[in-house]
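Labels A, B, C, D and E are assigned to the chains in the order they are written; within every chain, residues are numbered from 1.
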Amino acid sequence: QSGEVRVAVASNFYRPMQALANDFEQRSGHQVSLSAGSTGKLYAQIINGAPFDVFVAADQARPQALIEQDLATADSLMTVAIGQLALWSADAKLITGQQQLQPNSTIKRLAIANPKSAPYGAAAIAVMEQLGVAQYWLPRLVQGQNISHTYQYVSSGNATAGFVAVSQVYQQGRLIAGSAWLVPSSLHPALKQDAVLLQSATTNQAAQALIEYLRSNAAKTIIQSFGYRTQSQ
Amino acid sequence: MSGVDLTVVWLTLKLASVVTLLLLVIATPVAWWLSQTQSKLKPAVSAIFAIPLVLPPTVLGFYLLLLLGPNGPAGQLSAGLGLGTLPFSFAGIAIACAVHSLPFVVQPLQNAFEAIGKRPLEVAATLRASPWDTFWHVVVPMARPGFFTAIVMGFCHSIGEFGVVLMIGGNIPGETRVLSVEIYNHVEAMEYSQAHWLAGGMVAFSFVALLAIYIINHRANRRGTL
Amino acid sequence: MAIVAKFRVEREGFTLDMALNLPATGITALYGASGSGKTTCLRAIAGLERLPNSFFQIGTEVWQDESNGIFVPPHQRQIGYVFQEASLFPHLDVAANLQFGQKRIAAAERQVSESHIIELLGLKPLLKRSPAALSGGERQRVAIARALLTSPQLLLMDEPLSALDRALKQEILPYLERLHQELAIPVIYVSHAADEVTRLADHLVLIDGGEVKAAGPIKQVLLDHQHAELFNDGASSVIEGQISGHLEHYASELRFGRFALRLSQQDHPVGQQLRCRVFASDVSVCLTQPHDTSISNIFPAKVSSVGDGRRPGEKLVTLQLDQQQHLLAQLSSHSVERLQIHPGHHVWAQVKSVAVL
Amino acid sequence: MAIVAKFRVEREGFTLDMALNLPATGITALYGASGSGKTTCLRAIAGLERLPNSFFQIGTEVWQDESNGIFVPPHQRQIGYVFQEASLFPHLDVAANLQFGQKRIAAAERQVSESHIIELLGLKPLLKRSPAALSGGERQRVAIARALLTSPQLLLMDEPLSALDRALKQEILPYLERLHQELAIPVIYVSHAADEVTRLADHLVLIDGGEVKAAGPIKQVLLDHQHAELFNDGASSVIEGQISGHLEHYASELRFGRFALRLSQQDHPVGQQLRCRVFASDVSVCLTQPHDTSISNIFPAKVSSVGDGRRPGEKLVTLQLDQQQHLLAQLSSHSVERLQIHPGHHVWAQVKSVAVL
Amino acid sequence: MSGVDLTVVWLTLKLASVVTLLLLVIATPVAWWLSQTQSKLKPAVSAIFAIPLVLPPTVLGFYLLLLLGPNGPAGQLSAGLGLGTLPFSFAGIAIACAVHSLPFVVQPLQNAFEAIGKRPLEVAATLRASPWDTFWHVVVPMARPGFFTAIVMGFCHSIGEFGVVLMIGGNIPGETRVLSVEIYNHVEAMEYSQAHWLAGGMVAFSFVALLAIYIINHRANRRGTL
């Protein structure tokens, strides 16, 4: 019989999650309802009794913290996707590679996500440190609250370029607009996004089915099509 | 607009209406007390009722979440009374929203009440109207501009309410996902054209609605006092 | 029935300290200079001002007795109040203003006819107007009508007629008189206008600097030379009598003691008690009985005293008609000297005009 | 200097249509029943109400001429305005209210002494008070002082004294008179009180139903029987003469034509023009010259007409003293018949009292 | 509190003060016009000035970003005037914040102006005060309660302003990172104890500040009119 599963999903993963949910609903007959929010907010809501079954975070820390508090089941923990970082500009000619990150760049203002709350932001800082240009960029940064704000800063031209998620600027493996440099994942800690089944949903078969589904290859194909990498089993 | 969006619009209007009603019920006696009292507590009470303004909505939402959640004192009380907990329910966002908009409603009412002065109350008393009667038949009609402002501000602010609702409500479709949250969802999903449509529609609708009530109010004012 | 009041309050630069003992019938005038405390007193009676250590009783009802913690709030006192500044409700039209109080009393208690009052005060064309579209006098008339329509047990009026012209006053005054005669509503009436006061009031309270300087039946208070200065309207005396007949030439006769006074025609039936005021300045004196004069009211009198008038060169002469009745005459010192008017002399008092009260 | 005004406006149930041509000197009274349009007219003069198709000119200054698009806004008109309801600024204390206008005129233009006005109107103890802590009369006095302190070119007063008691009026009136004599400020004065009007006004405009019924020098307007009803104060006549001497017994003598009138003592020097009002009700008639009477002013006169008085049973008799001077006498029809008073008869007019204007 | 936090507090107070001033400068003439006009445009203008209430702050911020950005009309204008673009600058968040708080300031001022009525203006005119003079010496003092409410609401709302600032500001330390954003960041980063300290401090400080001004206002009211 068909059940219902309520998913709290980090905003950056909202689009792939919609596609995943559609596919899952067709396959299983279960109903999925999505609640998007920042990872930190969703976490705060869950520890205060939010009625969610599955939590798809933007990082690994929050699902881990839930498991430690016995609010999520440890055996359900999985890495759903691994984010990729891109230096992107709305200007089609601007970004030709990492050289635009060197001092005296044509980039006037560089947008990143808030490194404190968004993993993509922390990753961007790591990249700049790796390249030894962090000191140069620090006073030239603007921070979006999350990766979606960051994207908006760049796409509206307010920031010349910014570190965004590949998933935001690529579709079917092609850049949608502007110019970009795909940041090698070796330059920053992996942007692993974990999902977990919440303790309150251990008897919810639809929720368990969704966790199962997320591990499936079908799901991975969809996730990859949004510009994420997935973990090999 | 899709079927989902209509639910969202409906929920938004319902929220704004419920909150406005709630606000009037709470703010009217508070504002009246503040306007009439000689008590030394007046500044303290006034300050308390202005506090929700100072806190960022998300932060306010966060603390309301802590307070009303299953571990919070208010949450334990409401659970103990068999009411369950309020966050992530329509009642929850309505209450949170009301807390956040309270100052916008208390202030204009208080100003309107104070502007009436003592004389009309005295006249009403000499015409045998009890304080309660006077309140309804003299104070309320004479404070009409204040009520009008309070209602417009309370209603509009509830429609635009976002941070508190998102925090307390949890973006749950059909229950707590209101228009502002839906626009946020579209933006997050990079569905900008939908976001533009929704936001544009919201502005257009609000403008027409506001225009209508301002025109009605304008007429009523002309008919009424100078 | 009596009204007993004791009010005391200290304000910056003003102390009110009044003890009043008034009959709870008829019209009592509070008369005094600007700032003497009339409005404060009226507000205290209405309960609009709760003065500490005060007391107010009307008949058997105690409305305020602070020593026993009694204070009846204003809306439970069956009063009508006409404020010094007509205070209409700006959000209601004239008709709704009028009905405001009337609606709030039981139908059985309504003793004042709405249509009658509307007609009397000429409010018909104004009923649908907003108070902002009324002239000053029109506003005041609406306020009077509104207070009357609550059929009060006690009517408090703070200079209600001062914004009205004489013709309107002349119409409203008899109505107020009749009102209090027919309905026996006691009225406390603040006024600066001596003619209103003398016409209307049965009792007079002279107030000065927050204190009661004199109080009593108007005839008594007015006759006392001492108060002429306070009352400020020139000395006068009051004649009270009975209508004894209606004469040709639109005249009526008032009998008082063994005398008769010729008046302009009165509507009242024969036998009706009537009160007239005779200003000292309207009384002249002749040594011999005048015959071919247009003055109709001439009485033999005995000079009982000669006092100083308000201004130098003026004398106030008290003339005794009989045991009961005195008349005051204001004469120039010149005439007093020329005619040798001294106490004990017999003269003829000519009364040029009489104001029926 | 003259004031020329033409105002027209239609309101629900009221039409104002006035053309005025007044001297821009002295005091002009607007007199009329409640709702007759006095306040509207005053507001139009001040420019507070901009009536269409209207015109106003004072001296050579045109303040409003709609046909030429001229409209001087109120604050550029050098007027003083006393509103019907004292409208003090609630946020300012009495002193600041007084200074509000004074501060806004150049020091050189200040012709009215602040300390003098404060004393005259008894405002000293009130200076630090808030308007809310004043009595009705006190508020009105502050409003009058405030308007005067702008040393206006034209003073507009809307029943300024109706909230004041007689004693205060008696103090303020002479001041207003002197003010307009000394400073030559023309005053337009709305009042219901006939005694104020007759005392103060040089010109009288009788208004009824938004129309001017009569306008002219007060002596002329009052003498016309027709207007007695409108003026509503009882008929009277005005005597204008020169002080010819000060007598013993605190009396003064006023000479007019070949007659002399005995008055209470006047402060004015010999030679001073003076105006008195004689109410018809204060004049009685004798067929033979009375001798032993306290009435000092007795004149031979010829009956020139006998008309009906205001009430039945009353006659208004015009007595001619000489070519110039008439006196009105209000007599009962009874007396007129008894004494056979007919036009052409010679009688003695006894004037019991005279009001110095 | 750390050194960084003090910068943030300072910036927050500066923002709120600048915005409040800006609001008074903009809202006072608008409210005055609205209170006096007989124009048929009045309801439309009123409605326009209420619109910022209806839009969720983040959405408003989003559109302001588009409008003020280098590709937006306002941005091109400001760039053309040599002013650069406004987003990510203090001036930018101040303007955005002001737009968002405008209704809270216009409304109480308008109500206060309307409550004065015509008579005091007429009296002032007969006492030779020009309209400008009257405005400053009669209207402003008599509308004191309205100004008080407007200032309190504008100031507090700017302190609590979050969505718009977040969007337009870019969280630049010392420039656009204000208290509300900082607290939000702590909440997001699970640094709850820091969030509690900051939020608690903010509430406590605001309460004391509000209490103080309410007491002062209370006294002034007593001294002034009844």
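As a convention for this text, a residue touches a chain if its C-beta (ideal position, glycine included) is under 8 Å from a C-beta of that chain, and two chains touch if they have at least 3 such contacts.
These numbers come from a predicted model, not from an experiment.
Listed by label, the chains that touch chain C and also chain D number zero. Within the contact network of the assembly, the step distance from chain B to chain C comes to 1.
Most remote chain with respect to chain C, judged by CA-atom centres, is A. Seen from the C-alpha centroid of chain D, the farthest chain centroid is that of A.
Distance between chain centres (mean CA atoms), chain D to chain E: 56 Å. Distance from the chain A centre to the chain C centre is 91 Å, each centre being the mean of its Cα atoms. Chain A and chain E have Cα centroids separated by 36 Å. Chain C and chain E have Cα centroids separated by 60 Å. For chain D, no residue reaches two or more other chains under the stated contact definition. In chain B, the residues that reach two or more other chains under the touch definition are 58, 62, 184, 187, 226. The residues of chain A that reach two or more other chains are 41, 44, 152, listed in rising order. All chain pairs that count as touching, in label order, are A-B, A-E, B-C, B-E, C-D, D-E. Here chain B touches chain A in the complex through residues 58, 62, 65-66, 69-72, 75, 85, 87-88, 166-167, 170-173, 177, 184-185, 187-190, going by the rule given at the top.
Interface residues of chain D facing chain E in the complex, by the touch rule stated above, are 46-48, 73-75, 78-81, 83, 87, 89-92, 100-101, 104-105, 130-132, 146-147, 150. Residues 11-13, 32-35, 38-39, 84-85, 125, 129, 133-138, 141, 158-159, 162-168, 192, 194, 232-233, 247-251, 262, 264-265, 281-282, 284-288, 290, 292-296, 311-314, 329, 331-337, 339, 341, 350, 352-353 of chain C are the ones touching chain D in the complex. Of all the residues in chain E, the ones that touch chain B in their complex are 42-44, 46-48, 50-51, 53-60, 62-63, 103-104, 107-108, 110-112, 114-115, 117-118, 145-146, 149, 152-153, 156-157, 159-163, 180-181, 183-184, 187, 195, 199, 202-203, 206-207, 210-211, 214-215, 217-218, 226. Interface of chain A with chain B (complex): residues 6, 8, 11-12, 14-15, 18, 33-37, 41, 44-45, 48-52, 148, 151-152, 168.
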